[in-house]
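First chain written, first letter: the chains are A, B, C and D, and each begins at residue 1.
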């Protein structure tokens, strides 16, 4: 990986140079939760607010034109980044959760999912790809069904034919699991779903940040992801959808910008994407997300994916050397993203995270918004270390060292 | 207004010192659309991203604690700023439109508004307080009714008793009209609504930025507003609601952070406000909104309201000197916010806005997301100048001068 | 940005005296288009005579640009075949979306070349195109309807 | 922030050997509380004897802090009147929310003073309070139920 200069990349992320309590350098291994932001992104936001701030579309003055340009060019960049056939297929939401809820709401409101229909998800989903479907099922009388997970942490496709049937109206699956790290074989599921006439939504929250994504070749109907996990700002998410499908769906939220015309008696609605963007959109956040995409693209998603793969392989090796440590999820870096969840005999995940934090190592402990996946593996919670373009082997070493220190502290292992 | 130092305030807003095409200084009179941002707010956001960025609540490490502190202290500041009895009554949304849609969705989902029930709004509402209710009526079979507007641009309360009846389940009204500028007598309406057992939602998008607000003494059940109009960032809005009411309502969107426990079969939900905040919230935006509130509070909302009142009176005077100019809305600065919409004989609002822009004067032209209010006055669109804490009399003079120039250009007036 | 580039004398003339305004019969299709950003509206009818544009009549409410543009549309298209008219539209749209980089062809666009300046004002491009898009929509509706009639007749 | 202030020897001892763990009968109310942030859970039962706390039994899954805190709760409250026990809870909660500024009263909190360090770790305060909040909830349910029984009896 001679071309990949992780030290140069780290210089763009000022927080990585921070020291924490006890003068310990920060070892940030919680990027699956949220990524850090490079100076370039923060500066784009700052410049926008201080020089070009105005409302968009509705404002006809020069500042308004500049703000509209900043906002809409964020949309152009997202479209290019994910290979969307049209920029009008890119809808801005507040986060990935809203994007998934949007799909669930409009499929219900539009009568595509109704009583007796079936919705299929999986046991490894993030709560944001479970609860919206439970609520939809409750509102409509549809039935929620799900794929299981194998002992290795892979999607169990044995039931594919009996699970995804003519009754299925929508299959919603994660691309990369935020807990297990698994990368799912979406092609197989999409092919089956389309064969039976079901739509497919993909939760790409952990995929878009770390692997090259091309929605056109993926072939799903909806793809959701979130800005803050891809070196972008909080407060912005994306729903990509096929244009003809979007154009056939009713609105999600009502308000400014999403209308064609309004009278007290009735309203008609704008074409996608605006139909699904009620109110003042995340303007500065789109400028920031655009800068994030420029940043990732300059490094190259292929290179980022390769780095992620290498660092994950290294981490799996170092962690599995530790006695009493069990990785929950695929134990090898094959079809696997950069999140490694584990348990440690005799120490609760919170206590591990606390001890690690006292050594400057930031990881996440808990259910990672994936309670059913934890239940599947018979654990209430795990500790998760997750990596990104700026993660170094030295940081993995620091993690391993801190875990051993934790074992000594709690007199286990 | 000796204590109010508008020149000192302007120094905090770098964009106000910008020059536009033709080296013309910016005269920003579009604050009802979105306000400009002081350096202090932008710096708070920048500092957050570069030094304290992490996900909230779920992250147990030091950075996570700092980010949670930044995010939740934004909530504390909002609660204090609007006199909320409890911080748990403050829900963060992406904008005011989402806040109003949230109310409409959960009242429907919770069965509070159903078939045969009535929803009451007014003819002067922003589309964001019309369309959500139209969609709710359509989903549930409820009936939408509305207050008219008098020729002076005031809420027509003559029908109060026949409009708000035992059949009414919710009354949703704007506090300050974004088009007419009218400040509505909410007390009367709230008293009547509560008398018949209806809930009251207030669209305070134009109120919170410019007048001191105390939700406890207001007595409404829900109050919605938006960060970007009160010198805060885009991507954040607020819904305040009475705690016991919120606690009785079902969730709006499902996902991370809003749950108590999740299994594949069913989920239970967290208490307010988290129940209504699915997914990663607007973390940096809360830090920014907190800084905005600190900024406004340091100047004092009473002082800002007095300035707004004075500058509006001045503007109404200067504008109404112009032959052929007609103010749509109250012509005097009594119970009136700082937005003045007008028509000019012989020149279309777009053309006015364009000519004004060529002189550096930024105003809005169109229907201002209030088509029904325009129809009420028999106009398709108007030109609107709107003022805020940084607006000067010299800027109003520039506006008046540019309008006269427009008349000459189009050979009218 | 120079407003004089936008408000050419020709545009203001068309605005003050729009050609062909008013709704007329006969027509094969009528559409109502709005610019959701600003509320400009146009109701537009097309009357075809075989594959030829026979009349375009309209009732428009909006700014000088959208009004003048409908007036120029009326001057340019009637008399042409639908195919020729579509080429004029393409040429007009190309100039509008050209951000000031596309030189208009006077032989094709006649008075329409006055709109070249609009291309430098992105917010006004939609105003200039409102009538044209309405015409395109109405024409394709009219053609679809007559295809339908033809195939109905053939089916008999 | 010094983890040793958090992981006092007393806490680790209670964690390894929790007092009073397991669910027992009789009881008047059972509650299940979770910390939604991290998933720590406790099922807790209260047995009252008139206005006196007779037994507290529980099944908890969670970190050392939440487990040890339930164990200390068991040591402190049974034997006290509900009113006295609520005062102990208030005192414990005050220390927890005190951000390290409130000095715990050893006479009231006994081993509970070891939790003073938790107050410096805001993310862990919820862990320490989980069992206590469950107890408060269960106790008020038990009291409400007995009030109901009393008034039912009076009503007869």
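Following the convention adopted for this analysis, a contact is a pair of C-beta atoms (placed from the backbone, for glycine too) under 8 Å apart; a residue touches a chain by one contact, two chains touch by 3 or more.
In this text the structure is predicted, and so the values were computed from the model without any measurement.
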**Item:** Graph distance between chain A and chain C, where chains that touch are linked
**Value:** 1
**Fill in**
Per the C-alpha means, the centres of chain A and chain B lie apart by a whole-Å value of 31
**Item:** Mean-CA-position distance for chain D and chain C (Å)
**Value:** 76
**Request:** Find the geometric centre of each of chain A and chain D from their Cα atoms only, then give the gap between the two centres in Å, rounded to an integer.
**Result:** 38
**Fill in**
Where chain B touches two or more other chains at once, the residues are 21, 58, 60, 62, 64, 257, 259, 261, 350, 354, 365-366, 371
**Message:** Where in chain D do residues touch two or more of the other chains?
**Reply:** 1, 37-39, 121, 124
**Item:** Those chain pairs that satisfy the touch definition
**Value:** A-B, A-C, A-D, B-C, B-D
**chain B - residues contacting chain C, complex** = 21-22, 348-351, 354-355, 358, 365-367, 371, 374, 380-381, 409-410
**Request:** State the interface residues of chain C toward chain A in the complex, per the touch definition above.
**Result:** 1, 34, 36-39, 122-124
**Item:** In the complex with chain A, residue positions of chain D that touch it
**Value:** 1-3, 6-7, 12, 37-41, 61-65, 67, 121, 124, 127
**Item:** chain A-facing residues of chain B, complex
**Value:** 14-15, 18, 20-21, 26, 28, 30, 33-34, 36-37, 39, 41-42, 45-46, 49-55, 58-64, 93-98, 100-101, 104, 109, 123, 126-128, 130-135, 139, 144, 146, 226, 228, 233-237, 251, 253-259, 261-264, 266-267, 278-285, 350, 353-354, 356-357, 361-366, 368-369, 371-372, 375
**Asked** How about chain A: which of its residues touch chain C in the complex?
**Response** 57-58, 60, 62, 64-65, 68-69, 259-261, 270, 274
